[in-house]
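What follows is a set of structures to go through.
The two complexes that follow have subunit A in common; it is paired with subunit B in the first and with subunit C in the second.
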Partner chain A sequence: MSSVVTSLLVIVFVLFSLLTTASLLIWLERRLLALWQDRYGPNRVGPFGLGQVLADMIKIFFKEDWTPPFADRPVFVIAPTFIVITALMSFAVVPFSPSILVSDIDIGVLFFLAMSSLGVYSVALAGWASNNKYALLGALRASAQMLAYEVFMGLSLMGVVAITGSFSMQAIVKAQENIWFIVLQPIGFVIFMIAGIAETHRIPFDLPEAESELVAGFHSEYSGMKFGMFFVGEYIGITLISALLVTLFMGGWHGPFLPPVLWFFIKVFFFICGFILLRASLPRMRYDQLMAFGWKLMLPLSLLNLMATGAVILWSS
Partner chain B sequence: MEYLFVLAMVGLAASMVAGGLIVARLVAPHKPGGLKDIPYECGEQPIGQAWIQFNVGYYLFGLLFLVFDVEAALMYPWAVVFRSVGLAGLIEMAIFVLVLIIGLVYAWRKGVLEWV
Partner chain C sequence: MNYVFYIAAAVAVFSTLMAITRANAVHALLYMITSLLSSSLIFFVLGAPYIAALQAIVYAGAIMVLFVFIIMMLNQGPASTEQERVWISGKTWVGPTMLCAVLLAELIWIVRGDPAWLPGKTIIHPKDVSKALYGPYILVIELASMLLTAGLVGAYHLGRREPERREGES
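Then we have the complex of A and B:
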C-alpha cells in the first residue's frame, strides 16, 4: 500500500515540478539568449528578473481567452491541451533515480514514441481549426516535418534497445553502469538529438512557426491561456528530449559522489542549456533543405547505423 | 499495476490542464465582436476561407512515412529479441531493410523527395 502512496506522490511531484520548470525555462532562455547575444534580457522584475516568471503567469491568466467565431470551436480548444498532456505523460516512463519514477513499464521506449506521435495531432489540428491561412501553412509544415523526423527518431533508438535487450527505461539506464551508450552509439545519439530538436520544432527546425514568414505559424489565432499551453508545451518538450537524451545515452542517473537524482538533473540542465545555445547561434533551415536532410541523409544513416550495430553485437558475443 | 500509475498520471495531467483553462475562463475578460472576428492576415482583408485543398506533395510524404513507420514497428520486436535470433535474424532484417531502401531510392529517383 505504501508503494502506491509513494508512486502517487511521485506523480504529483513530477507534474508540479515540470510545470514550474517550464515557466522557469522561459526566463532562463531569455536570460541566456541575452547573455550570448550581448544584451540585458529581462532584469527589471525582482532579483535577476526572476519575478518575470510570475508576471508572465498572471498575464496569461488575465488575458482574454479568445476563441474566434470563424474557427472550429471544439477542435480549437482541444488542440493546445493535447501537446501539454502528451508531453507530461511521456515523463511517466523517465527514471529520475533508482527509486524515483512513476512507472517502470516494460515498453517504456515505445510509450515515449507513441506519445511523441500524438503530439503531431496537436499542431496539425490547431492549424486546421484556426481557419487562418498562416496557421494552415504552419500546421502543414509541422506535420510533414514531424512525420519525417519521427521515422528515424524511432530507428535511432533501436541500437540502444538491441544492446540492452529491453524497452524498459530503467533497464536501459542500468545497462549503462560501466559505459554510457553515447560511446557505443555515437551516431544514434546525434540522430536522436537532431530528431528531438525537429520534433519540438526549435531553431534550426522552427519552420512551423517561422515568424518572418508565417506570423506565428500554427498558433497565430491563439491567445491567453490556450497560447500559454503551446508555450508551456514547447518547454516541457525540450525538458523531455533532454531527459531522454540523458536516460538513453548519457547514463541516466549514474554518476560518482553526488546522489543519483542530482546527477540526473545536472545532466538534463546541461542539455537544456545546449538547446538554448543552438537557438542563440544557428539560423533557420530552408524547408526543402529540411525535408531533403531528413529523408535523404538521416533515414538511410539511421538504417545503416542499426545494421552496423547488429553486426558488431554479434561479432563481439 | 504499473499501467494504473500511467493512467493516474494521464488523469492528473488532464485535470491540471483543464483546471488552467477553467480558471482562465473565470478570471479573463470576454469582449467579443469588432475586428477580432476576422482571421489575422497582417491587416489585409482575407479572401475566402483557409479550409481549402492543399499541395499533393504532403500526401506523398504521408505515404512514405506510413511505409517506414510500419517497417519500424516490425523492427521494434526484432531489436528486443536480437541476441536470441542471432545471425539469421540479422540477415533477414538486412534483406527486409534492403527492399525498403530500394523503395526509397525509387521514390528519390522519381523526384518525390524534391520539394517544389
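Then we have the complex of A and C:
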C-alpha cells in the first residue's frame, strides 16, 4: 500500500515540477533573450516581472478558442494534446534522484525514443487538419525533419547503452559514478544535442514554424489554449532534452555535497539556458542545408561513433 | 495484468475494424496507428518489453509517419473520400473475411490446446532477443539486410538527378 502512495507522490511531484518549469520558462526565455540582446524584457508585473507568467496564463485561457469551419474538427482538436502527453510520458523514465523515479523499466531509453517518435504526429496532424497551405507545408517540413533526425538520435545513444550494457536509465546513471559519459562519448553527446534541438524544432531548426516564410507554420490556425498546448509542449520538450542530456551524458544526479535531486535540477537548468542562448545567437538554417547536414554528416558520424565504441569495448574486454 | 490485456486487445480489434472501414485516408491511418500501439501494449503485457518498444518506435513511430507524410503530400480532397466510399462495397469483404476466419480458427485451436504454447510465462529481456537474433537467426538478419540494401540502392537510383538537368539548373 505504502509503495502505491509513494509512487503516486512521485508522479504528482514530477508533473507539478514540470508544469511549473514550463510556465516559468516562458518568462525565463524572454528575460534571458532580452539580457543577451541588451534590453530589459518583461520586468513590470511583480518582482523581476515574474507576474508575467500569471498574466500570460490568464490571457491565453480567456482568448477565443476558434476552430476554423474548413478544418477537420476531431483531428484538429486532438492534435495539440499529443505533443504534451508524449513529452510528459517520457519523464516517467527519467531518474531525478536515486529514489525519485516513476518507473525503472529495463527499456527506459527505448521508451523515450518511442515517445519522441510519436510526438511527430502532433505537428503533422495539426498541419493537415488545419486545411491551410502554410500549415500543411509546415507539417510536411516537420515530419520530414523529425523522421530524419530521429534516426541518428537513436544511434547516438547506443554508444552509452553499449558501455552500460543496459537500456535502464537508472543503470546508466549508476554507471557514471566514476566518469561521466560526456568524456567517453563526446561525439554521441554533440550528436544527441543537435538531434534534440531538431526534435523540439527550435532555432536553428525551426523550419516547421518559420515565421518569415510560413506565417506560423503548423499552428497558424490555432488560437487560445490549443495554441498554448503547442507552446507548453515545446517548453516541456526543451526540459526533456536537457534532462536526458544530464541523465545520459552528464552523470545524472551524481554530484558532491548537495542532495542528488538538487544536482539534477542545477544541471538541467544549465542546459535549458544553453538552449535559450542558442536561440539568441544563431540564424535559421535553409531546408536543404538541414536535410544535407542530417543525412550526409550526422548519420555517418553517429554510425562511425557506434562502430568505434563497439570496437573499443570488444578490444578491452 | 489480465484486464490490461483485454482492454488493449479490445482497442486493437476495434481500431483495426475502424481502420479498414474509414473512407477518409488520414482517419483510417490514425486508427491503424492506434491499433499498432495497442498491439505494442499487448506485447508488453505478455512479457516482451523489447519487442513492445520496437513496435512503437519502428511501426507506429517511423513507418506510419511516412504513410501520413505521403498522404499529406498527395493532399487529396473530399473527392477521394467519395471514391473510397464507392469502393467499400459488400462484395470486397468476402475474400478478407474468409482469410480472417482461417486465422481465427488457428488462434482458437492454439488457445484450447497445450497450455505450454501460451505466451507470458517468462519475461524476454533485450539481451535475450539480441542473443537469439545474432546467434541462431544470424542468417535471416543478413538476408533481411541484403534486401534492405537492395531497396536502398533502388531508391537512390530512382531519386538520382539526371546529369544534364543539373547543369541546366546551376
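Everything below uses one rule, namely that the second predicted complex is superposed on the first by the 317 of 317 C-alpha atoms of A that agree within 3 Å, B and C clash if a C-alpha of one lies under 4 Å from a C-alpha of the other, contacts with A are read in each partner's own complex, and residues count from 1 in each chain.
Criterion: a contact is a pair of C-beta atoms (placed from the backbone, for glycine too) under 8 Å apart; a residue touches a chain by one contact, two chains touch by 3 or more.
On a predicted model such as this, the values are computed, not experimentally measured, just so you know.
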Worksheet item: A:V75 contacts which: subunit B (first), subunit C (second), both, neither?
Response: second
Worksheet item: Touch check for A:F167: first (subunit B), second (subunit C), both, or neither?
Response: both
Practice prompt. Examine A:L140 and indicate which partner it touches, taking first as subunit B and second as subunit C; both and neither are also allowed.
Written response: both
Fill in: Per-residue touch tally on subunit A - higher for subunit B or for subunit C
B
Item to complete: Kindly classify A:Y121 by the partners it touches after superposition: subunit B alone (first), subunit C alone (second), both, or neither?
Response: second
Discussion item. Which partner chains sit in contact with A:G310 here, subunit B, subunit C, both or neither? Use first/second/both/neither.
Written reply: first
Worksheet item: Touch check for A:A148: first (subunit B), second (subunit C), both, or neither?
Response: first
Practice prompt. Tell me which partner A:P95 touches in the superposition: subunit B (first), subunit C (second), both or neither.
Written response: neither
Item to complete: Would you check which partner chain A:W295 touches, where first means subunit B only, second means subunit C only, and both and neither mean what they say?
Response: first
Worksheet item: So which positions on subunit A get touched by both subunit B and subunit C?
Response: 105, 110-111, 128, 136, 140, 143-144, 147, 150, 154, 167
Response to the item:
The residues of subunit C that touch subunit A in their complex are 26-27, 30, 33, 37, 49-50, 52-54, 56-57, 60-62, 65-66, 68-69, 72-73, 75, 125-126
Worksheet item: What residues on subunit A touch subunit C, complex-wise?
Response: 72, 75, 105-107, 110-111, 113-114, 117-118, 120-121, 124-125, 127-128, 136, 139-140, 143-144, 146-147, 150, 154, 167
Discussion item. Under the definition above, what is the set of subunit A residues touching subunit B in their complex?
Written reply: 7-8, 11-12, 14-15, 19, 60-66, 68-70, 77, 81, 84-85, 88-89, 91-92, 102-105, 110-111, 128, 130-136, 140, 143-144, 147-148, 150-151, 154-155, 158, 161-162, 165-167, 215, 220-221, 224-226, 228-229, 287-288, 291-292, 295-296, 299-300, 303, 306-307, 310-311, 313-314, 317
Worksheet item: So in the complex, which bits of subunit B are touching subunit A?
Response: 2-3, 5-6, 8-10, 12-14, 16-18, 20-21, 23-25, 27-32, 36-42, 46, 49-52, 54-55, 58, 61-62, 64-65, 68-69, 72, 75-76, 79-83, 86-87, 90, 93-94, 97, 100-101, 104, 108, 113-116
